[in-house]
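In the two complexes that follow, chain A is the common piece, with chain B as its partner first and chain C second.
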Partner chain A sequence: MFSIDQYAYSNRLKNIHPGEKVAFALVTLLIALVAPRPLIPAIIIALMAGATIGIAGIPARFYLQLFLVPFSFLVAGVAMIALTITSQPQASLKGVTLLGWTLGFTPAGMHLAGKIFLKSLGAAACLYFLSLTTPIVDILTVLRQLRVPALLVDLISLTYRFIFVLLATVNDIYTAQASRLGYASLRTSYHSLGQLAANLFIKTYRRSQELFTALTARGYHEELQVLEVAYPFSWPFLCLAAIFDLVLVILMLLT
Partner chain B sequence: MFRRTTWLTLYLLLAMALLAGPAFAMHIAEGFLPFNWAAFWFVVVLPFWFWGLRSIQQTVKSNPGLKMLLGLAGAYAFVLSALKIPSVTGSCSHPTGVGLGAILFGPAAMSILGGIVLLFQALLLAHGGLSTLGANTFSMAVVGPFVAYGLYRLVRRLNGSMAVAVFLAATLGDLMTYVTTSLQLALAFPAQPGGVLASMLKFMGIFAVTQLPLAISEGILTVIVFNLLATYNKNELQELSILD
Partner chain C sequence: MAALLEAERVSFTYPDGTQALQHVTLSIPEGKKIAVLGPNGAGKSTLFLHFNGILRPQEGCIYFAGARINYSHKALTDLRQQVGIVFQDPDSMLFSASVRQEISFGPLNLGLSREEVGQRVEAAMAATGITGLQDKPTHFLSYGQKKRVAIASVLAMEPRLIIFDEPTAYLDPRSTRDVMALLEDISRQGKAIILSTHDVDIAYTWADYIYVLAGGQVIGAGTPAEIFSDATLLEAAGLARPWLLDVYEDLKNKGWLPATAPVPKNKDDLLGLIPYRSRSKLAI
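Moving on to the complex of A and B:
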């Protein structure tokens, strides 16, 4: 149902140790955030795209579409940062004046907006590398190894499992409602959607009780015990990732 | 000539911003906040996560089945946020579920559930991000639920009707979420002349146009959901009050 989730299980980097992928993505993300010049995020975008498309084998078309998701927020956010509204005339301000207030752009504001735009795309490239190569189940293994409280890990894994169950239920209810003209007008849409949400809640509630009964019957006590897949460390990946990040840090310090 | 191009650029940017607004506009995108601010919001949100986990731990001890319910509630919130509600203005938008969740599960559990939902939205849907998880959790899973829950309790105590309490909780919980997001953006990017306040007005201006109709839509929807639950599922609602 989610393409990202599908690729996470079927890409060519799936069998790399998840700890290595998480560390690589997060360290690179950190570098993208602290880098003072736009050059570093640009390099990160290029190399992360190369790793995700070239090595992991994610279709380029899908990868590019993913960048459109934050695009709307970025355009709106960056436009607001670049936009200057003031009542005092400034030499560098170019724009239109209405009733003594000037609406426009300064070179400094445009520069800052461009930098943030690029930085954000660089950080998104790191996030996409992680989410497209690492299944959530593997990320949960890493969380357990990092000693995140068991209760939290259990809640995350329950949420993950039941997202798909509940989505299937929502699709069934929605199809049934739509085929009976439940979404024909604004008024009926609200009514149908309200019924859907209320029904789904009760179904969720019942399901959680069934789940608890089933687990108790199988000896559940306070913690969900799951078998974890053991991944061997991949030295080539680790070395490449370390060299890449090291080069970025040196480049950042030099420029 | 120059004036015309500037007008055109301004118009295009505004049109794009308005069109771009509705879908998940409340999540700050990955990497948008500078490192210091991203870290700051994580530090702010940490005590709430700690408190939420402690409170869940205590209720789970006396009622172990509640853990399953909360896990499924996370999935429920995620699925709800993927639905589309027809907005009063004609466009479509996604509900946040902030008000509904806060009333059903209380603000303590919401700080954890909301954080989990935001994590999955970042990983599975590419909405929001890991570095901005702290900031987004603070606005959507801390401020929103607290406002919603507080208002709900206040109106009920003043003997206001259920519908009024739920509507105000859901609508204002939504609105406070976007006010917080605007504040977070304004603090990170103060306007050159004018500072944080001017910057906040800019961000609120853009959110107000897109989020005000959405907040009202969500208020109406939450009232409908609550009415149905109160009519047909009284027992479940009563059982849930153990969470408080």
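Moving on to the complex of A and C:
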């Protein structure tokens, strides 16, 4: 997760207008979801991977590792869809029969499973493209411009910022416990972990109070107003993205 | 010099019964450097929260620029523009993952135009030397860098008085030096500064005037020379004497300095006072 965040700030597409990246990722995602044939999501996976690795400069090894996460979920889920259990004999069903029940695959089931598999990976590729090239701060800027309620945007922004503060706190408490043998045995580990959780809750509560005080001191009233970075529109990116999506739509309509 | 901020017999007790302030009376002159010394739990932070209206005194009152603080929404916004607080822990101040956005928060709350805010953010980043960090997310910054961002976020509101709550705590010597140099710059622009610290050497050299707090009360007030020559007061507040004064007195007692040598204000003053060996024989 930290690596995704770091790449979002350091990739070669960072300075592209975040609105363009969000639009590109979401439109392509939509196409992947509505396309009736598996060919379209397959193209999308290839092109998104190309854009993320080739253009944004994300290391291929890291990108593939990232894909293992949805991949393992998908394989398990899709296998269930592909499998058919029935007591009705079907001509196309191939598998093992036991006590009149057959467990096996049908071509239709396989086709459906493949389609869902590719669609899901295509959608994941679109979201990975967005999260690897666009820092959260920029995505929030887009959300504000899209008139998403300020409360929601502020909440996301605070959550994001304080994930890091929270993890640092966990790390500090853990180190302090471990250096006093708090995790030496299973018994003490359970005990220490419980203490850590309780302590974290108290610290988090105190920190939220401190934050509120500090914000009030700077004139906070009910909205976290901030100055947005003005990114210039990138015409080359916009044109490429538009052409790519258009070709996909035409391809989808033709096939 | 006219008083910019005054506290008159301010008392405050927290809901849990801790009596944090008892009849605190003090005055902060315009454009001066004021140090507030005192052990942990002396009530320093509670006092500061009264200075920009976050806490309301249960007894007594606070005056800003001669007028009693008004706790209406509008008046508080004005007050918080004029009185900025840099809290001790930058992580509890910084709410945004973007350095630029963090600094822009205060000035935007003042209702300034976006252009004006942009200029102030640039100026504050330049003054604190963090222009190079503006595109970095706050969570990748070091503690010292976060501290500078926190200072910049207050500077951008252009207050007349800035309160620094233990600004050098946890900082390495270099960052401490940088922060103190920054305070010197801010002071030269005519802003008043309140600094709370446990570092008596910094307080002695830096401050124009010192208040000593203990147990929620002001137990001493005076120039650095007055405060640090009062042994009873230092004992009561649990404060050490600055090494500068110890060395100065020892040199004087042992005859290395003439009895008429002026009390040094900083290290360079003291080194300037110490005569060369050949001439020192004459002094003895």
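As a convention for this text, the second predicted complex is superposed on the first by the 236 of 255 C-alpha atoms of A that agree within 3 Å, B and C clash if a C-alpha of one lies under 4 Å from a C-alpha of the other, contacts with A are read in each partner's own complex, and residues count from 1 in each chain.
Just so it is clear, a contact is a pair of C-beta atoms (placed from the backbone, for glycine too) under 8 Å apart; a residue touches a chain by one contact, two chains touch by 3 or more.
Computed from a predicted model, the values in this text were never measured in an experiment.
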item: Clash-or-fit label for the pair chain B, chain C on chain A; value: fit
item: Chain B versus chain C as contact partner of A:L215, first or second or both or neither; value: both
item: Angle at chain A between chain B and chain C, C-alpha centres, nearest 10 degrees; value: 90
item: Chain B versus chain C as contact partner of A:V229, first or second or both or neither; value: second
item: Which of chain B and chain C A:A76 touches, first, second, both or neither; value: first
item: First (chain B), second (chain C), both or neither touched by A:F237; value: neither
item: Partner chain in contact with A:D5 - chain B first, chain C second, else both or neither; value: both
item: Which partner reaches more residues of chain A (counting touched residues only), chain B or chain C; value: B
item: Partner chain in contact with A:V137 - chain B first, chain C second, else both or neither; value: second
item: Contacts of A:V34 with chain B and chain C, given as first, second, both or neither; value: first
item: Partner chain(s) touched by A:Q195 [first = chain B, second = chain C, both, neither]; value: first
item: Shortest span in Å between Cα atoms of chain B and of chain C, once chain A is used as the common reference; value: 10
item: Contact residues of chain A, present in both the chain B and the chain C interface; value: 5, 136, 157-158, 160-161, 165, 207, 211, 215
item: Chain C-facing residues of chain A, complex; value: 5-6, 9, 135-137, 157-158, 160-161, 164-165, 168, 207, 210-211, 213-221, 224-229
item: For the chain B and chain A complex, residues of the former touching the latter; value: 2-3, 6-7, 10, 13-14, 16-17, 19-21, 23-25, 27-32, 34-35, 38, 53, 56-57, 60, 64-65, 67-76, 78-80, 82-83, 85-86, 100, 104, 112-113, 116-117, 119-120, 122-127, 129-131, 185, 189, 191-194, 198-199, 202-203, 206, 220-221, 224-225, 227-229, 232-233, 236
item: Chain B-facing residues of chain A, complex; value: 2, 4-5, 26, 29-30, 32-34, 41, 66, 69-77, 79-81, 83-86, 88, 90, 94-96, 103-104, 106, 108-109, 112, 116, 119-124, 126-128, 130-131, 136, 139, 149, 151-152, 154-163, 165-167, 170, 186, 189-191, 193-198, 200-202, 204-205, 207-209, 211-212, 215, 222
item: Sites on chain C touched by chain A in the complex; value: 49, 52, 54, 73, 77, 80-81, 84-85, 87, 89, 91-98, 100-102, 104-106, 108-110, 114, 117-118, 121, 135-140, 153-154, 157
